[in-house]
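Same chain, two partners: chain A is paired with chain B first, then with chain C.
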Partner chain A sequence: MINLSFYLPEIFILSLIIISLLIGLYYKNSNTILLGLNFIGLILISLFYAFSPESFLGGENSMIALSKIIILISTAIYILMIKKSLDLDSIYRFEFLLFVLFAILGSFVLISSDNFLTAFIGIEIQSLSLYLMASFNTKSLSSNEAGVKYFSLGALSSGFLLFGISMVYFDNSSIQFSEINKITYFSEIGLAIIAISLFFKVAAAPFHIWTPDVYEGSPTISVLFFATIPKLASLVFLFRFYNELNIKDYDSIDFIFKIVCILSLLIGAYGAITQKVIKRLLAFSSINHVGFILISIISFKFLSEGTFFFYLIIYLVTSFGVFSILISLRADKEEITLISQFSGLKTYSRSKSIALLILLFSLAGIPPFAGFFAKFFVLNAAINEGYIFISTIAVVTSVIAAFYYLRIIKNMFFDEPDSKIKVKSMFYNNITYISSATFVTLFAIYPDPLIFLINSYFN
Partner chain B sequence: MNFSFPIITLLILTPVIGAITLSLTKSDQINKKTILLAGLWISIGEFLLSLLLPVFYDKSKNGYQFIEFHTWFEQFDINYYVGVDGISIPLILLTTFLIPICLLCSWNSIKKRVKEYVIYFLLLESFIIGVFVSIDIVIFYVFFESVLIPMFLIIGIWGGENRVYASFKFFLYTLAGSVLMLLAIIYILITVQTGNIDIIKNFNFDESIQLVLFLCFFASFAVKVPMFPFHTWLPDAHVQAPTSGSVILAGVLLKLGGYGFLRLSIPFFDFASIYFQPFIFTLSCIAITYTSIVALRQEDMKKMIAYSSVAHMGFVTIGLFTLTQDGVNGGYFQMISHGLVSAALFLIVGVVYERKHSRSIADYSGLANTMPKYSAFFMLFMLASVGLPGTSGFVGEFLVILSTIKISIYLTIFTAVGVVVGAAYMLLLYKNINFGQVNNNLKEMKDLNFIEISYFTIISIMVVVLGIYPKLLLKLVDASISLSVLS
Partner chain C sequence: MFALGTFYFFSIFLIFTSLSVIFSKNPVNSVLFLVLSFLNTTFLFILIGAEFVGIILAIVYIGAVAILFLFVVMMLDIELIDIVSNIKKYIPLASMFGIVIISEIIYLTVVKVSKGDLVFQVSNTNNTESIGNVLYTKFFIDFQLSGIALLLAMIGAIVLTHIYKPSIKRQNIYDQNSVIGSERVSLKNVKKGEGIDT
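So, the complex of A and B:
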């Protein structure tokens, strides 16, 4: 007997999608109402999640619940920003909202799936919306190119995923996580291939090649989404994959995880040094951060669920801040693309440049900002697990990474303004970056709320 | 003495609150001088506040005083745990003393973005004080690293023509050293299960692990001090930084390294400190002799003084690692004295730079004729830097050299030679700038104005008082050093 109450959030999102679709189709001028409706809807679901008793949600563990709440709240904030941001290029259509909703529906399915086929469905729902979001700026060639690149490579990785699943199924005659326990070559190879496909989804090196191109071409508001919410979902799934299938017992896959982790750290750091385009740089920076998150995945035992979410939340908040600033900076009629265009941002917008300074130092992991503590706890877990080598690489790459964050800061603060930047003032973007910079700064002084939140889920 | 007033938190927070208040003002409406004045008053208030520390510090008691404790990250036993002892108080005073001077000396020279400038200096002040008061290694590290951010911006925004290179080099060098210390700190946290410095001090690490951990800490502090092969960022940073930046860099930031050795490395790793003694002595001797010789050939005044800083900090590291009471006292005294003297020397350079916009030694001559007051002060600080008896420079060097005799006579010879070469380049610098024919374009040079005279006077009083009556400082630090470093 299937208890439908377990699926209430997903059903609710689905009905939001259908309602929005109908309203959007029949009432052309309903954009604001639609966005407001979805905002309220998502907040309501997250409240439902936060306060409903555990028995009501069935077998879902606290990790899944927490990640869903994070996704819901951040999507609600995201939805507020999309209209104005896309209007800058005058490409807003209500479908964008539907893609976002479909993507988080896919993320939900992915996160809570207990077998590989559901996971595959989740990934596909999520990815298809992402491909469309990448190519949403139909007038721009590079946006179309980004969408096609993302789609073709994503389809390839989905193929890998299915191939891996079928191999695992061949060996274990099951695709249920709990029933996959054979340690044979066949299932080992199958699981490795599944892992590779997941690495592709989270943009871990060496499966990261699509990331800089897609980030560069897509509208910045879509990139903000790629870099945060679906990535969080895929990482949570990767975490569950690693732990519930006891990947530690498979030496070779464990080894692949470590290699990918090291490569992500290194490529994320070195790749960004020579980049001139800001979004490509942020793409590499996100690869570096995925490396850190992978460390927290492989060194699970020591409070790692907490550490993992700690890092994810701080990274999510910081990315939201960085991208929402990036969206509001325009050069004439185009988005700002080059790092050199940041020159003298200090003179154009004091608050934005200071917020960006704080957020970038936080991404670089310099205390007293929150990013430092995120890295600190990840390294703590890693050293506790005995991964001294990986930790050393991690800290060395964070020094290299500091270099390219400093370059942006140098452009903003040290250089004289040479190009005309137009700073758009957009209400929701402003709220987002101000609150994210405030969070990052105040975390050192008063970390209790976040720690309390995480502890309440993992104790 | 039970002191329930949270004076240390207040010391950390006062500049931050000041900075926040300043940042909320509309800069276009307020005169730049008003902002500088506001910053100055905040920092002077901070100085007066910090004077409470030595007044109420109970010398008869051992250990930390004015302790404050709040839990921070409970599951790791990392706490906001601050307090001061005899080692930290003089360094805090040095910091709060130099910051107002930094603001004073930029009265005319800083013309753009004054508000930001004051804000960064105030933030810098509170971070530095944070380092000196922390009794928990994690908050020590947090403050230690945070110092980089305002300093990076100060060098980068108000620096000379090559400022970007210098600020990047400064930031990345220091960060690269520090991250290794971060790993070591995490390892210690996991093994000892606490961040409390006092508890870690009594924990016995395995000898082989001590060596590795010591090297990790060494990487960070050696860059900060800076010791010989890691010193190359210093001349660049000094030359490019504005005068006030150089003052705070030489005056306080370099001491963070020495303080780190004193507070963490030596007490934690007793075996490794003895094991690496010859290594550190060798590096320090090279630093003293080599950088002194390099300083002899410099054509840029700031660079010369920067190299002399490396040499003088060599005395500090030798003194600290003799691991004897005299040696550590001497090294510590040398830190404070160098903080005053080198800061004063950078101010001296700043005075002529502000007037002629040149740091080249060849551009100046015969200033004694046109600027008599200037050359008088210059003379005093030059002699203090050389180590003339009666000035503070003498006491530290003397104690250090004295303590080296018990260890090795060769060490003594090397350090003593360093003193002689040091005298050579400083006298040469003084002669070239102050004596000889007056250039035609130097005839218009104005002598020191009131502000400059006032801060030079205060520093020279400190230098002379410490030189004549070193016990003023030594009786404060003596007990703390024997308790928390050598026990």
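So, the complex of A and C:
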């Protein structure tokens, strides 16, 4: 018989979804109720995870619990920003909240799955809601285009995933992770195809083609979600996939991982140089960061889980800050698109431009800020594993990447303003960017909380 | 011998129809060939003894999905695409992928099939019964999660297509049913020769 207590958090999220659906349908002005209900609900589940005894979680390991806590807390912060951000384009409808909840439900299923079938369904629930979020602005042509593009390419990658799973099943007569142990050609090809599909989901090069287009077309608040929470879930699953199936034993798949890692670093750095649209630039920047995270996945012996989560958390916090600033900058009635529109931002809003400066420095990995330490630990682990070549490429690409981050900073502080920017002041966005910039700055002086958090999960 | 003959017949027919899906110039023809290829797959499933999966495939894919495709294709006024002009662009990449996949298949059939791994164990229960045995027990969670995915798809379809305009008059059945007689009709005592002010 199935012990349902293992699924309690998922069941709780599902009941949140259904209650929100009913409230949203029957009460016209239900924003505050929905928001409060879901915020409190998500925080409660995260507390449940943080304080529940180990025995209760049963088969779940500490890594799964930690990633679920991170997802829950960041989603709780995220849902506070939804209403105001969508209202700027006057496209707010309460269903957006449901999609967010569905996406984290899918992420949860994906993270804690122990066989490929459950993982597949988790990926499907997660990506279905992402397609809907991409095309949420039904009035805008580019948003629809982004949704259709994301959907068709995502369906293709899901097809690859199923094909790979069927090949693995053929060889092992099982899709449980623990029972896949045959190193034969069928298994190897199947696992390689599954890995490719997962690379597509996390937008690692050369499976990144959809990223810039989807980021450019979708509403910015959806892009904030794409770049952080589902990506974290897919990366955690990729980490589990690599470790629990002992991908190191399959030489060819390990080689594919290394190639994808190098290509992500290079394409993430070189692709962004010529970009004129800020969201495309951030898309390429996220590809570059995925490259770094892949380094921490492949060098998994030395302090790996800690390094991995360290990088993920810092990347997540920084992205939240950057995107919440980006949402609040408007050119007349449209959102800001071009990098050149950033010129002279400091005359419009000094606090936002300074926060953006700090966050971009952190993304570029410049020493006093948190991004530097994240990159430092990843490179440290890689060099200890003997990946000198990949580490060299990582360092070189982060120098190249610094160029385009610094160009935005130059635009903001040293160029004359040539376009009208309207700086919207939105309460939750302000809180988000201020706290994220503070976190990134103070990390060098007072890193104890984050290190304590990670240490308490991985001794 | 007969089973082998039918297998080859349907698989060759399947390959032919699948190719026709890609190469027909008229999208309507493509969809009809798609239906035919689903039908061939159904026969292949029945041949290996999986009659439940085969019939489900026929009902779901031919009965619902393919017919929906056909409707969509017929509704959209798509111009006939000139495939010949486009095909040259894709030949190098496509042939590269094709060669890789064909060499994989040849390699695998030579290495694997000779071992005879393809024979499955036959149980006493029939197909439908054995699926029913595991669907609500072993795969309970997956089954429920698929239901959640369908709920999401339903909400999503409504969100994407529903355009709310306040100007459109809508019938509110709850309001209509909760009308009380005294709110709409009232009895007035009208004096003879005088009207009544409303």
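What we mean here is this: the second predicted complex is superposed on the first by the 459 of 459 C-alpha atoms of A that agree within 3 Å, B and C clash if a C-alpha of one lies under 4 Å from a C-alpha of the other, contacts with A are read in each partner's own complex, and residues count from 1 in each chain.
Here, a contact is a pair of C-beta atoms (placed from the backbone, for glycine too) under 8 Å apart; a residue touches a chain by one contact, two chains touch by 3 or more.
This structure is a prediction, so every number in the text was calculated from the model and none was measured.
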Could you tell me if A:98 is touching chain B, chain C, both of them or neither one (first, second, both, neither)? second
Report for A:432: first if it touches chain B alone, second if chain C alone, otherwise both or neither. neither
Answer with first, second, both or neither: which of chain B and chain C does A:372 touch in the superposed model? first
First, second, both or neither for A:391, with chain B first and chain C second: first
Based on the superposed arrangement, let me know which partner A:286 touches: chain B (first), chain C (second), both, or neither? neither
Scan A:413 for contacts with chain B and chain C and give back first, second, both or neither. first
Counting only touches as set out at the top, which of chain B and chain C does A:124 meet: first, second, both, neither? second
Within their complex, state which residues of chain B touch chain A. 72-76, 138, 141-143, 145-146, 148-149, 152-153, 156-157, 163-164, 167-168, 171-172, 175-176, 179-180, 182-183, 186-187, 189-190
In their complex, what parts of chain A are in touch with chain C? 2, 7, 14, 21, 93, 95, 98-99, 102, 105, 109, 117-118, 121-122, 124-125, 128-129, 131-132, 135-136, 138, 147, 170, 185-186, 189
Touching chain B in the complex: which residues of chain A? 303, 361, 366-368, 372, 376, 379-380, 383-384, 388, 391-392, 395-396, 398-399, 402-403, 406, 410, 413-414, 444, 447, 451
Touching residues (chain side chain C, partner chain A) in the complex: 104, 107-108, 111-112, 117, 137, 139-142, 145-146, 148-149, 152-153, 155-156, 159-160, 163
